[in-house]
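Below, subunit A partners subunit B and then partners subunit C, in two separate complexes.
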Partner chain A sequence: MLGIFASIIDGVLVGLVYGLAAMGLTLIWGVMDVINLTHGVMIVAGMFALFLLTSALGLNPYVAMLPVLIGGFLVGVALYWISIHRMVGRPPLMSLLSTFAVNLVLIGVGTAVWGTALFNVEVSVPGISMGRYTFPGAHIVAAVLAAVIAAVLYLFLQHTRLGKSVRAVANNREAAELVGIPTTRVLAISVGLGVALAGISGVLIATLFPFTVLSGDGYQLKGFVVTVLGGFGNPVGALLGGVALGLLEGAVTPFVPVSWTLVIEFVLFVLVLIAFPTGIFRSRRGAL
Partner chain B sequence: MLSMLRRPFFWIITLAVVAFALAPVYGNDVSLRESLLLDALYITLASNLNLILGYAGYVNFGSIVFFGLGGYICVWLVNSYSWPLAPSLMVAGVCVSALALIFGLGILRLRGAFFALATIGVIEAVQAFVENFTPWGGSAGIYLSSEIFRPLGGPAHALWVIYFMMVAVMGLSLYLSYAIKTSKFGLGLLAIGQNEDAAAILGVPTPLYKALVYSVSAFLPAIAGGLYFFKSAFIQPSDAFDLSLSTEALVVGMLGGQGTVTGVAIGAFLYEELRGYLLTSSTFANFQLVVSGALLLLIVLFFPGGLMGFIYSRFPRTQKVLE
Partner chain C sequence: MKRLCFLAAAAALAATPALAQENTITIGFTDSQTGPLNVDSLGQQRGYEFWRDEVNAAGGIKVGDKRYKVKFVSYDDQSVGGRVQQLYTRLVTQDKADFLFSPYSSGLTAPATVISEQYGKIMIDSGGAEEKPFETGNKYLFMVITSASHYLSGAVAALKEKNPNAKVALVYSDDPFSKAVLAAAAQQAKAAGLQIVMNESYSPSTTDFGPIVNKIVSSNADAVLGGGHYSDGATLARQMHDQRANMKWVSLLVAPADDKFGELGQAALGVTVPSQWELQVNYKPQFGPTTAEFAKAFQEKFHAKADYHTASGYTSGVVLQHAIEQAGSLDTDKVAAALNAMDITTFFGRVKFLTDPGHHGLQAQHQMVLAQWQMIDGKLGRQVVWPAEAKSADLLYPIPAAKQ
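Our next item is the complex of A and B:
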């Protein structure tokens, strides 16, 4: 009984981090109907930024989140002007290809510089014990931070002027333009936010697991599943979708090899989309 | 079918295939043959991807799955059941096509970008299956003994036979692309690419056509995979499902001009020659992905029509001859 309880808690802890990892992807997707295929590599960029900041400057891993946040935002704005600006409003396949191209370039540079070796960052946070089970402290901190970040994003979108502009642009770009919202600037800021979120989630994931230049792919793929489960651009939905995924993984790992979990998640992705061809949250699409 | 013989483009393809087949024979040039073999492989993969990418407007990130699975089935039949090469290739092609039809009926109910994401899932599924499937050697793969080349007249002779077969597969891919483009089926696909809802309303059976083209585009890449891995006498998951080959097929299609037969073939040829140069040059060997990524970005941003789009706009009369 305690075992089931412990594995549920473990699923929730991992799931909250999956949710955070998907949040940037789903934000950009929801606001401008662009699937950012550089998301995975931006998560990896966050991981390596943490590695460099902690090993070179000796920063505390959680303090390192701040420079990653700022850097990620700037990188995101640059990404918008390089590969997304000309694609907004064109068939979604074109932005898929243009972000994929940037992804190839970054992966290429990353593998040329770091190869595909494993890196890890040491974090010591005391864990919490419950009978025979101990939950690692880093997992708990990461899960709590993920929930806090989702809440902050939610409040930002609901209650600030800029957040409301983002929602207006997502809802109807022409109408937003007509009432005087600088849509291009809002789109650039949204991509900046999305990439900053990817970077932070990379930092938190790097405190939990070892990583390589190619680790981002798995999180990006989970991000697609989380997005269709939780709704486009919805930070709270992303957390719930992530938790659903974490629990699912906990439930299937005793029975199937690890390499199959992603396949099971993708079957879920396809089934959800077939059952709801335009997305579960279609009515709320663009409403964030 | 006979009306094809009166079209100039049919003879242009035939001429290109004959030139491919004969070029290395003249002077017995083995290194030219190896380079042209890779060209033929890229043209095959890109032309078949073009059926779905260029005609129907669907991005398939997982086209490499057909190539890898075809290679596995063929190598497995040759190794474990001592089948001759030709029937193994046919069985590989038919099996992979049938499998693609089944997958296609499932995932092609997804539209546009969702389909593209689901094809990534297909890669994961197939790779997970192969790595856990013991008859195929799991992640270690399958090695063939050099005995397998004996029925083809020894290794040296066998390499020539394989080369001619690869050129034949390339020729079939080009004829297939052309035949589909000029058929009612092709017209339906192009309509889907323009506006799927409008096509459905006008009576194009869109789900069936999409599943069919997905399946058809699997057949020749599977055979090419069989030939390629039979030639290397070794197959393992990381080679068979090398994602960069999928990527390169996309880049090539965009480079030449998606939806055109000539452009994709020329794009594949140019790209493979460029890649051969980059791999041998010491500066660029590590930056192959960077180069294909930058190339793709530039094309998507500034030349969405690709090479043929440029040629068509400069020389409009070529549209009548070059498909």
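Our next item is the complex of A and C:
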């Protein structure tokens, strides 16, 4: 019984981080109807930034989040101008292909530089034990940080002028332009935010598990499931989606062979798509 | 100007036959320069290349009274089985490879063996330990390493000696090699009277082993046998340590045999690995380098320690070379006959192949050792701990509990 309980808590802790990883994806989708397929590789960029910052400069892993946040934002703005700007308003397939191309280029460069070997960042945070089960400290810290970042993003979107502009552009770009919102700048900032979120979630994931240049695909895939659970274009929903996914993984694994969890996850993914085509936590269009 | 071009072309044409006069043997293979098998494959590839460079420096392979230089043609298979079949076909039909080496891992070797048999090419296998491809009536496959069903027999025997009542969790990657090894290990553990309390496979691409570690703890196991290849094995070891599963015994396949495993720090301590070869083994070679000579020369060239994938890759070359020299010919059937008759000992150990049609080419004589990560002069390193006559240090049991 304790085992199931431990498994569920563990699932929720990791689920919060998956939720954070999906937030950037869903933010960009919500604002400009662009599926950013560089998301996975940006998560990996965050992982490698952490590796370099901790091994070369000896930074504390959690301090390294700040430079990654800033760097990620700048990279995101650049990405917007390189591969998204001209695609906004065109059929979604165009931006899908364009970001996929950038994704392949970046994976190619990453593979050439680092190969596909496994990298590991050691984090020593004391864990909490419950009977024979231990929740590693890094998992707890990552989950708390993910929740805090999600809360900050929520406050930003709801209560700042820029945040409100982002929501306005998501809701109706033309109307936003009519009332004097510089929409292009807002779009660039949104992509910047989305990539910064990817980078930060990469940092947090890298404190939990070893990683390779190719790790991004798996997290991107999870991001899609989380996005569907949480509602397209709804960043706070994404966090809830992540928790839901984690809960499910935690609750299911004690009873079935672990290789079945992925099957169950994707069956659920399809069922949710059929029953709630806009996601569970999504109430209305443009409700960023 | 035109005349000048003509002259240059004529000169180039005239020069070509001079180059072609050097006899070469072409050996083809794929390696996993990218993808999840990258780390393990690199060791094998270095073994191949190290052998080629040494042979060529010594003048090449002697066939009758001629000498042949060794030329490699290789491609990146991206750790993907589908690529392997395309590329081996290309190696045979377009690159005209005379002989083939295996890719790395059982999953990639199996599709390659289909091609090598189809085209009647000899393939020396140092990367795939699964028996199945060898049980389909092949004629030209030769495995220099110990095959999958013997991988964990040493670990089971050693564990039984330390704790005859051990409760064992079998947790392994869902790939052909690991499944073959663990199926045999399950039988061996049962025969040894050990209790199996968990038997589960996971996808090779698993990144979060948290749920699996919780299940191991729930099963009340005190020993874990399993793993697969580098990425999953290293992650599993780290998460068992992070979650303080406190197993008394952990044997993982392949991953801990790589020096990179030491980067896990305390999570590596006490982990055992069945190994085809370690720096401490000491066979008396009939020819070729001794272990010490091999290790030293390799270290000087690659600035890295030789591991068993390197040694087995190198041995592929040595075995093929010896067979060609014995046969005195490059003819596939004559070389295959020499391989069938072979019984030699190199620094890697004894090599002899089974020749009955149902198991042709499987390794009959090579022995594995069990290595364990221990503290050696304050640093993590591998020691041979089993069998007793080959050990370089005592077995550490139980593994000290994780401190946090």
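Operating definition for what follows: the second predicted complex is superposed on the first by the 266 of 288 C-alpha atoms of A that agree within 3 Å, B and C clash if a C-alpha of one lies under 4 Å from a C-alpha of the other, contacts with A are read in each partner's own complex, and residues count from 1 in each chain.
Rule of thumb we're sticking to: a contact is a pair of C-beta atoms (placed from the backbone, for glycine too) under 8 Å apart; a residue touches a chain by one contact, two chains touch by 3 or more.
What you are looking at is a predicted structure, and each value in this text was computed from that prediction instead of being measured.
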Joint occupancy of subunit A by subunit B and subunit C, clash or fit: clash
Partner chain in contact with A:7 - subunit B first, subunit C second, else both or neither: second
Which superposed partner A:117 touches (first subunit B, second subunit C, both, neither): second
Subunit B versus subunit C as contact partner of A:133, first or second or both or neither: second
Contacts of A:259 with subunit B and subunit C, given as first, second, both or neither: both
Which superposed partner A:274 touches (first subunit B, second subunit C, both, neither): first
Touching partner for A:89 - first (subunit B), second (subunit C), both, neither: neither
Which superposed partner A:182 touches (first subunit B, second subunit C, both, neither): neither
Of the stretches 235-243, 289-297 or 307-315 belonging to subunit B, the one that collides with subunit C: 235-243
Contact residues of subunit A, present in both the subunit B and the subunit C interface: 111, 257, 259, 262
Parts of subunit B lying in touch with subunit A, wherever the complex brings them together: 57, 59, 106-107, 109-114, 116-118, 120-121, 124-125, 127-128, 131-132, 247, 250, 254, 286-297, 300-301, 304
Of all residues in subunit A, those that touch subunit B in their complex: 35, 82-83, 86-87, 91-94, 96-98, 100-109, 111-112, 221, 224, 228, 257, 259-260, 262-263, 266-267, 269-270, 273-274, 277
Interfacial residue positions of subunit C with respect to subunit A in the complex: 33-36, 38-39, 79, 174, 200-203, 205-208, 210-212, 214-215, 217-218, 230-231, 234-235, 238-239, 242-244, 246, 260, 263-265, 404
Residues on subunit A engaged by subunit C in the complex (per definition of touch): 3, 6-7, 10-11, 14, 111, 115-118, 120, 122, 124, 126-127, 129, 132-139, 208-212, 214-215, 218, 249-250, 253-254, 257-259, 261-262
